[in-house]
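Both complexes shown next keep chain A, but they swap its partner, so chain B is in the first and chain C is in the second.
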Partner chain A sequence: MDWAIFSFLAADALQNGTIYALLALSLVLVFAVTRVILVPLGEFLVYAPLTYVWFLPPEVSGLNLRGQIPGTAWLAAAMLAGWAFLERKSLRRAGLLALGSLGVLGLAWWGAQGVPLWLGWFLAVLVVLPIGPASYRLFFEPAKNASVLTYLIIAVGLHFAFMGLGLVFFGPEQFRLPAVWSGQTQVGLVPINNQAFLVYGFAFLSALGLYLFFSRSIYGKALRACAVNRYGARLSGISPSQAGYVSFSIATLIACVSGMLLAPLISPAYFQGFLLGLKGFVAGILGGLVSYPLAALGALLVGAMESWAAFQASAYKDAIVFALLLPILFWRSLRSQELGEEE
Partner chain B sequence: MNILEVENLSVRYGAVEAVRGLSLRVAEGEAITLIGPNGAGKSSTLKGILGLVQASGTVHYLGETLSRRTPEMLAAVGLVMVPEKRELFASMAVEDNLLLGAFPRFQRRERGIREDLEWVYSLFPRLLERRRQLAGTMSGGEQQMLAIGRALMARPKLLLLDEPSLGLAPLIVQEIFRILGELKARGVTILLVEQNARMALKLADRGYVLEAGELVMEGRGSELLYDPRVIESYLGIRTREAAGG
Partner chain C sequence: MKRALIGLLTLGLGLGLAQQAPLKIGVVVSATGPAASLGIPERNTLLILEEQVNRRGGVAGRPVQFIILDDASDTTQAVRATRRLIQEDQVLAIIGTTTTPASLGMIDVVAEAGVPKISLAANLEIVFPVDEKRRWVFKTPQTEQQMSTPIVRDMAAAGVKTAAYIGFNDAYGEGWARAFEAAAREAGIQVVASERFARTDTSVTGQVLRILARNPDAVLIGGSGTAPVLPQRTLRERGYRGLIYQTHGVANPDFLRVGGDLLVGTRLPAGPVLVFDQLPPDFPNRQVATSYVQLYESRFGIGSYSTFGGHAYDAWAILRPALERALRREQTTNLAAFRRVLRDELEATRNVVGTHGIFNMSPTDHLGLRFNEAAVMVEIVKGPTGRLEWKLIRTFR
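What follows is the complex of A and B.
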């Protein structure tokens, strides 16, 4: 392997690893606060850019979708309406949620009428975003105090449902999206897509933002408190279910924006979320789903493994990455025995 | 005015009825104690009041009937418990633990939180020394002080304490009770659950004695302290316990 190839692989590894890191951070956040392993996070990641395709002018997307409201908007609106129904005892909250449900449809309708690219970009994120916290309210909150396994089963079910809906909403094909920042920049031997720099920038800002949120803001500290000691948090007046909404919302926001930034580089389709999410999960497992720095490190490792494998044995690229899970899980199970039962 | 009125409270876990038809009241400014042997149902009573376990009966707090209640909801309105096992945020700094005790007040954008932090530090100078340390690295006594301090940060209208002396060395227990006395003098209303009957009854204005889930006696703290039945069954037990470690 010469230097040029190595540089190419390294650039590739960094780009993918950064996305896995963002997903891993989100998964760790959600798991720490709610004990839910958010398998459908990858679906949220592809939903946002696929929704954006519906808001693109025909000359950009090459499709004639003018005036069609994307299926994700109906889904988000339906889930918000379901949420409003569950909150029917509090008229104010139910009213706000019903309003939100109509609002999502309104935004999607607006986007479908033809809007500037940048506006469509934000509308796509806004339309998909409610699906995250609404999933928490509709599917996880009712199973309060369930075991990690029960939550995992629900999460896997949701993943299949959202992936299937993705196929219904967007069809099987991959879509080409315009880059927010087009062109390439030569770094050493490697030409890097400018769009990739946006991914790095967003990853850096997210990590910094989360760090400041968790270390400075009382709300961030409350989220940590819920993760550290749920019972203690409740006694201090911190509601674990509110913490659940916040963590699901942050995770969904990170996934949506990651997806929007990554999309021009990968030409998204409905089925791509799962593999991305799973690799984020492998990275998160490296940190035991509790440590943010280890998860980020794991993500870069997964990215590196993947591009190395793609070069050496491209047909087995994904298999090799998932084979990484076995030694990691083995090592972690040894370690958790050393530490004894924590809780 | 009664801050808390509990009527006919019963708590059961499957076939076990841990509390049967318990009624008690706490007036503003009072220090009340609920004493009884291990397994009598003291913790279950507090958990039933807070809505942590299924309970029948009625709970009135500040004149309102609390039908569906959760501890997070009650902490926000000043009914705060210091639990048996302290339940601190072990991997977070001491000061963060204290600030989180005031979380509902931050949400309401209340003023005076910083001043209360200073006040808690003045009550527990040890916490000030260790404010940057992780809560889980402190000694048992310090952790108990932190648990009380965290509850005080909520500006409780009624402070529930579940055996704050449990597992602590006698000197530390005295220190804890000295602080409780100081809180009482400052007008904090207290409902203290204890096995350490002697110290609890000395502190309290009134006391209730719980046995096998039922109230068997109630009276002024000083009366119970010299009641022959209490002396025989509780103040005796303490010496036996101390001997057994």
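What follows is the complex of A and C.
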């Protein structure tokens, strides 16, 4: 392996690792606050760009979908409507949620009529975003104070449901998306897609944003309080369900935007979310699902191992990656107590 | 009065047809899951055929019923569906399924029950070698070996000395790796790298770097559906300027849509039905291929056809005459004996012209295609309107 190949592999590892890191950060955030391991996060990541395809003009996507409302919009609207039903005791809140449900359909209808690329981009994120907090309200909130295992089982069930729905909504094949920033820039020996810089930029901004959010804002501090001790947080007047919505919303937003930025580089399809999510999860585990910096480092480590294994022995790539991770995970599970701990 | 009489007569005829027990054929296809883009046209084709056959009076005066089950591209479900078709529906024969692993899984079940099966999957191992179990199994799609020969001949004609391979890390990719490496060795082309990737991968940079380091004259990408776009794009992005070959697994409109302009110049072997209107006038299966495409497009729209539906059409093309001959020899009520006779008649298939070639079965060959009629070389070009098109560049007759 010479220097040129090493730098190419490093660039590849950085790109993949950054996406895993974004997913790992979201998973750690959600787990710390709610004890939910959000397996379907990978599905949210592909939902956003696939929805965007429905808002693209035919000459860009190669498909004529003009006027069709993407399935995700119906899903988001239905979930918001279900949420409104659960809140029927408070007329104001139920009304707002019902309005939100119609609003999502309205946005999707608007996008499907043909909008500029940048507007469709934001509409796609907005349409998919409510699915995150609505899943919390519909599926996790009713199982209040359940064990981590129960939450995990619900999350895995949701993952299968969302993946199946993804196939129904978008079909089995991949799609091509336009890059937000096309072209390549030469960095040393390696030409790097400009789109990848957007991914790095977003990762940096999210990390910075989360840091400021947790250290400066009252909401962030409330989330941290919930993460440290839910019972104590409730005693000091912090609503754990509120904290749940906020953490699910932030995680979904990060996943959606990561997906939107990554999509032009990978040609997304409904089935691609899971493996990305899984590797994000492994990275999160490397940080014990509690430490953000360790999770990010773990993500870069997973990305690096993957690139190296793909180069050395591509037939056994995933086997090598997971086999190398086993001892680390074993060591972590021996050391860390907080992982399975209940309140 | 006259009209009423005719009406009564046709009603009577229809009743007569309906009273005859239908000939039940079991079908397993992957209508959902990763192989759905292959399975859906297969299912559509059989639905059109069922309607057409029954409108024209059925087979030997009896209506035909296709009982179509979906295996969701999954081996376990394919095996379960096969059992159900045999035990509950008591089918005469089975067509299916779309994918190689699931087709292999079905062999034990059909052999045990003694039901003839026609697979729609590519791998040679499904029908070779013809042993105690595989004597019940036939198939219609070309094997990787038959598709490798045209690629290697085209490479040799283009002066290629070294080639690299990158394919799926599953039965499809492994089958192609073996077939291509064997054919290349025979033609004196050196295979300098053999890499694998997963259908679900989002990056193949590592594999592509390894290939670039060996600097081959040509690269063959062994995948199906739209996933093979990724290695091709990575190769071009990393500055590869040599020839790129794909397999017939990408001969679908989705591949062109996802890949876009970077696919121009890609070569692949394909069943002749893909370029049915560009075949030379004396090409033996031109007429069948053309009428199949017209039949399919009349229902599903211009440009909707794919080569995969052609395999289902060919399965019926060999099953129908075998059924007719078997019906003359044995009663369908005597189910086990009829299935045995039907198997013998399938093995006796001679000179059946299908969309993909001419079928001549024998006790040692349960596919019966020669690559000369079953494969042509196609290049992806930019058409006059700026759309990507398949262009016939070489036939092997």
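Note that in this section the second predicted complex is superposed on the first by the 334 of 343 C-alpha atoms of A that agree within 3 Å, B and C clash if a C-alpha of one lies under 4 Å from a C-alpha of the other, contacts with A are read in each partner's own complex, and residues count from 1 in each chain.
Methods note: a residue touches a chain if its C-beta (ideal position, glycine included) is under 8 Å from a C-beta of that chain, and two chains touch if they have at least 3 such contacts.
Quantities reported herein were computed from a predicted structural model and do not represent experimental measurements.
Upon superposition of the two complexes on chain A, no clash is found between chain B and chain C, which fit side by side. In the overlay built on the shared chain, the residue A:234 is in contact with chain B alone; chain C does not reach it. Once chain A of one complex is fitted onto chain A of the other, the partner contacts of A:221 are limited to chain B, with no touch recorded for chain C. Touch criterion not met for A:187: it reaches neither chain B nor chain C. Within the superposed three-chain model, A:276 lies in touch with chain C and out of touch with chain B [touch as defined at top]. With both complexes placed on chain A, chain A has more residues touched by C than by the other of chain B and chain C. Touch criterion not met for A:329: it reaches neither chain B nor chain C. Nearest C-alpha atoms belonging to chain B and chain C sit 39 Å apart in the superposition, given in whole angstrom.
In the complex of the two chains, the chain C residues touching chain A come out as 32-37, 166, 169, 195-200, 202-207, 209-210, 213, 225-227, 229-230, 237-238, 254, 257-260. On the chain A side of its complex with chain C, the touching residues are 5, 8-9, 11-12, 15-16, 62-63, 167, 171-176, 184, 191, 193, 262, 265-267, 269, 271-272, 274-276, 306-312, 314-315, 317-318. Interface of chain A with chain B (complex): residues 218, 221-222, 224-225, 228-229, 231-240. Chain contact summary for the complex, chain B toward chain A: residues 70-72, 75-76, 80-81, 83, 86-92, 96, 99-101, 103-104, 106, 150-151, 154.
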